[in-house]
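Labels run A, B, C and D following the written order; every chain starts at residue 1.
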Amino acid sequence: MLTIANTQFSSRLITGTGKFASGQSMQAALSASGTELVTLALKRLDLVQNKDDILAPLQELGVRLLPNTSGAKTAEEAVFAARLAREALGTNWLKLEIHPDQRYLLPDPIETLKAAEQLVKEGFIVLPYCGADPVLCMRLQEVGCAAVMPLGAPIGSNRGLLSKDFLDIIVEQSQVSVIVDAGIGAPSHAAQAMEMGVDAVLVNTAIAVSPNPVAMGRAFKQAVSAGRTAFEAGLGSVQKNAEASSPLTGFLEHL
Amino acid sequence: MLTIANTQFSSRLITGTGKFASGQSMQAALSASGTELVTLALKRLDLVQNKDDILAPLQELGVRLLPNTSGAKTAEEAVFAARLAREALGTNWLKLEIHPDQRYLLPDPIETLKAAEQLVKEGFIVLPYCGADPVLCMRLQEVGCAAVMPLGAPIGSNRGLLSKDFLDIIVEQSQVSVIVDAGIGAPSHAAQAMEMGVDAVLVNTAIAVSPNPVAMGRAFKQAVSAGRTAFEAGLGSVQKNAEASSPLTGFLEHL
Amino acid sequence: MLTIANTQFSSRLITGTGKFASGQSMQAALSASGTELVTLALKRLDLVQNKDDILAPLQELGVRLLPNTSGAKTAEEAVFAARLAREALGTNWLKLEIHPDQRYLLPDPIETLKAAEQLVKEGFIVLPYCGADPVLCMRLQEVGCAAVMPLGAPIGSNRGLLSKDFLDIIVEQSQVSVIVDAGIGAPSHAAQAMEMGVDAVLVNTAIAVSPNPVAMGRAFKQAVSAGRTAFEAGLGSVQKNAEASSPLTGFLEHL
Amino acid sequence: MLTIANTQFSSRLITGTGKFASGQSMQAALSASGTELVTLALKRLDLVQNKDDILAPLQELGVRLLPNTSGAKTAEEAVFAARLAREALGTNWLKLEIHPDQRYLLPDPIETLKAAEQLVKEGFIVLPYCGADPVLCMRLQEVGCAAVMPLGAPIGSNRGLLSKDFLDIIVEQSQVSVIVDAGIGAPSHAAQAMEMGVDAVLVNTAIAVSPNPVAMGRAFKQAVSAGRTAFEAGLGSVQKNAEASSPLTGFLEHL
């Protein structure tokens, strides 16, 4: 079981709500994925008209909502967005995202730590998106974040675990849950992350933009489960030499 | 469905029988893996005493047997072993393995092609283990092999798809099934191979030597399914830049 | 020419002074490397006894000194060390290093930015060692750092450019010099960094611990030059398909 | 010194003659590269009219010629081409190339071994282009080849040492010179190959198609020298943890 802030989840696959063709398509894909924790941007909520193509399908699914601060470029903007989200959605869970750069959407370590500290004080359950920086992750943990969400690669790039070597260090050092966020573009990436011992992965683009989001949701569900099972069962060590899996000698003499 | 020599298989995970702690452990792990095609070395069969710790569990599972010629160092030895296997097991299916080198167990391209040609003439269904050599794979196909089994990395090394770039070419060119054999040490490797469009993978060591072979068998089953599903659904392209999965602009203005 | 803070250097290879067997060995290796900028830890300077196995050989070489704050765990410690170094060595150039973690020696982004801001105000030429974090590098540039020194891999690990994909973004975005620091364990790593367009590399361990530091110093000199020359001349693009370098068709018909 | 067939070469950089803009450009680039062994396709030689834009510049450079059989698709064609080349150029040195596939130009292991055996019998010094297949390389050595030339990646692809793990095994096992041929697209690739202990590299496309072939020729010269020097001096081992190159503790207490 994945545990974040004393809440347990059967699924280690966290998903997003962006880029789906429709609310219906999103609902079907997320259902197939087995996800129990779903992030959504504040902007997606049509608060004014109270008609929502995103929120209703999620509520039907019964998943926990994880509003995010995507679009915020400073700690101040993120804190403001977080308060709005809490009010609008009635949850103090928050995915903290601050990325001043529009091209690669990479997170700002300084503003993220500053906002995290403030939001923890205000009673939020803070899950910050951050670079795969082991020292920063320790500091985010120290100010009270409920998990850390280091990136594998830029958001939406589908490039996999470019930051693998640093993620290994984060997993080794972290006492809160480690969730790989961004860059996971294929089930094999998700399985690899889980095999390394991360606690969960967040996948959005790879499911949402697939020609068949339902099938892809199911594929990620299986891959996350496969990777976690392998991590728990114990993987073999990597060898330079071969090791025979079939007996090699004397088969002719034997007969 | 995986089709080899007009025979259909629901599972795309082919397994081996080496290195398991016991026949019972093997049976449980293979059952969990969902495999329907299992390779075994001739030597494993206790033909003299007709007491067999390998054969009986496999027959109970109802899987198709794929005897191999592991231990053969020349075409001549492999052909001899193949005939014995056909007689002993009553099947003309054969995994052809010829590796003169004892350290890395890498296959001999010359002897393998020579033996394949002879065995096809003698009515065998030949699945040759070979290097990830696109030209060799075409030639094995031309002499009538039912599939090709290029390696990802040395047998038992758990090193994954070291030969990935060459496997891509083989998948692109091949008209028979492509089965990645050797080197697959983790579910993520198997998923990656399937995402590339290979038809099946063969896994032995990674399951057999796991502290929990049953769990690992199940993990590989899921990973192969996940990878195949993703291949069929269509993976997103890899981007250099980020692509926002959450809306980026104006969330403050919106409210 | 490499330009940092209006100072020009013919060599793009920056070196360190740690781990050498002796001051003589260091001097010979650095001389062979052609380096013109050399970092040294404050601790190495025997200020009390004014007998120095490090400083004298460097002064004989005529290189510019780049004192570093290695050992500092906070901005405060780093600033204190920087002031001492300036007084002791009569230079306002400074390699800013703050790494609270003793195992991987990874830099602290928060403290590093804080110290950088202060030291720039005090008139230092600040070159900060930092993670390969594009947003952090922009912020370090904004507070007035003369260059940024993102890491390739943990110090002394010899693992090469693990952070390559992020270094590419830093090079693309940076307006100050980008110097890859830490992780460069072989001349090929240095050449690769230079081919990517970084302005300089810092190498210490790989030269100092080689059985033949003089030869290794020379090898890095050549590799840095090779990589820079290739960057300036323009590398070919990477192709999926082959492209014939010899004519392929009709050679028999020709005759 | 590189030794092939009892002939010594100061340079470990072998080059080709294809794709240059002109004979003059080729001559200048090869001169800058320091190469002493240059391969050329039979077709390039205008045997009929005895006017040659390729041969004259090479003869002026004083390099040894290494005619190749590029374009041959079978052993028979290659043997025929080899005999013509020997007669036309007065050398029994031969780069054996047989690639039936026009897209990736990958070598045929079966035909290459067959032709090699025949050509050795006819007194040729045979250097075969082949896949990075350790068993094939052993067999080519056994039939008397003077060196083996395994590929790093498809010809002209500039993709580097995709086959690195298999090249390592070839270097470990081979008693004749190992020359990495094809795929080397940047000086860092050449340096990496030399650091691994290969005896020489062949570079053509990367120099010939550069906007500045002379500079690129010089860059490869330096990179090959750097890699070889590092191999001979001894590289440090790769570490997971960091190792401090500057002293870490107590710098404040010291003062």
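Worth a mention:
What we mean here is this: a residue touches a chain if its C-beta (ideal position, glycine included) is under 8 Å from a C-beta of that chain, and two chains touch if they have at least 3 such contacts.
Here the structure is a predicted model, which is why all the values come from computation and not from measurement.
Comparing mean CA positions across the assembly, the chain most remote from subunit B is C. In whole angstrom, the spacing between the mean C-alpha positions of subunit B and subunit D is 34. Averaged Cα coordinates give subunit A a centre that lies 46 Å from the centre of subunit D. Under the contact definition stated at the top, the residues of subunit C that touch 2 or more other chains are 104, 106, 159. Taken as a graph of touching chains, this assembly forms a single closed ring in which every chain touches exactly two others.
Contacting chain pairs in the structure are A-B, A-C, B-D, C-D.
By the touch criterion given at the top, residues 99-101, 104, 106-110, 113, 131, 133-136, 138-139, 153, 159, 162-163, 165-166, 169, 173 of subunit B touch subunit D in their complex.
Residue ranges on subunit D touching subunit C, taken from their complex, read 16, 18-19, 39-44, 47, 68, 70-72, 77, 80-81, 84, 97, 102-106, 154-159, 182, 185-189, 191-192, 195, 204-206, 208-212, 215-216, 218-223, 225-227, 229-230, 232-252, 254-255.
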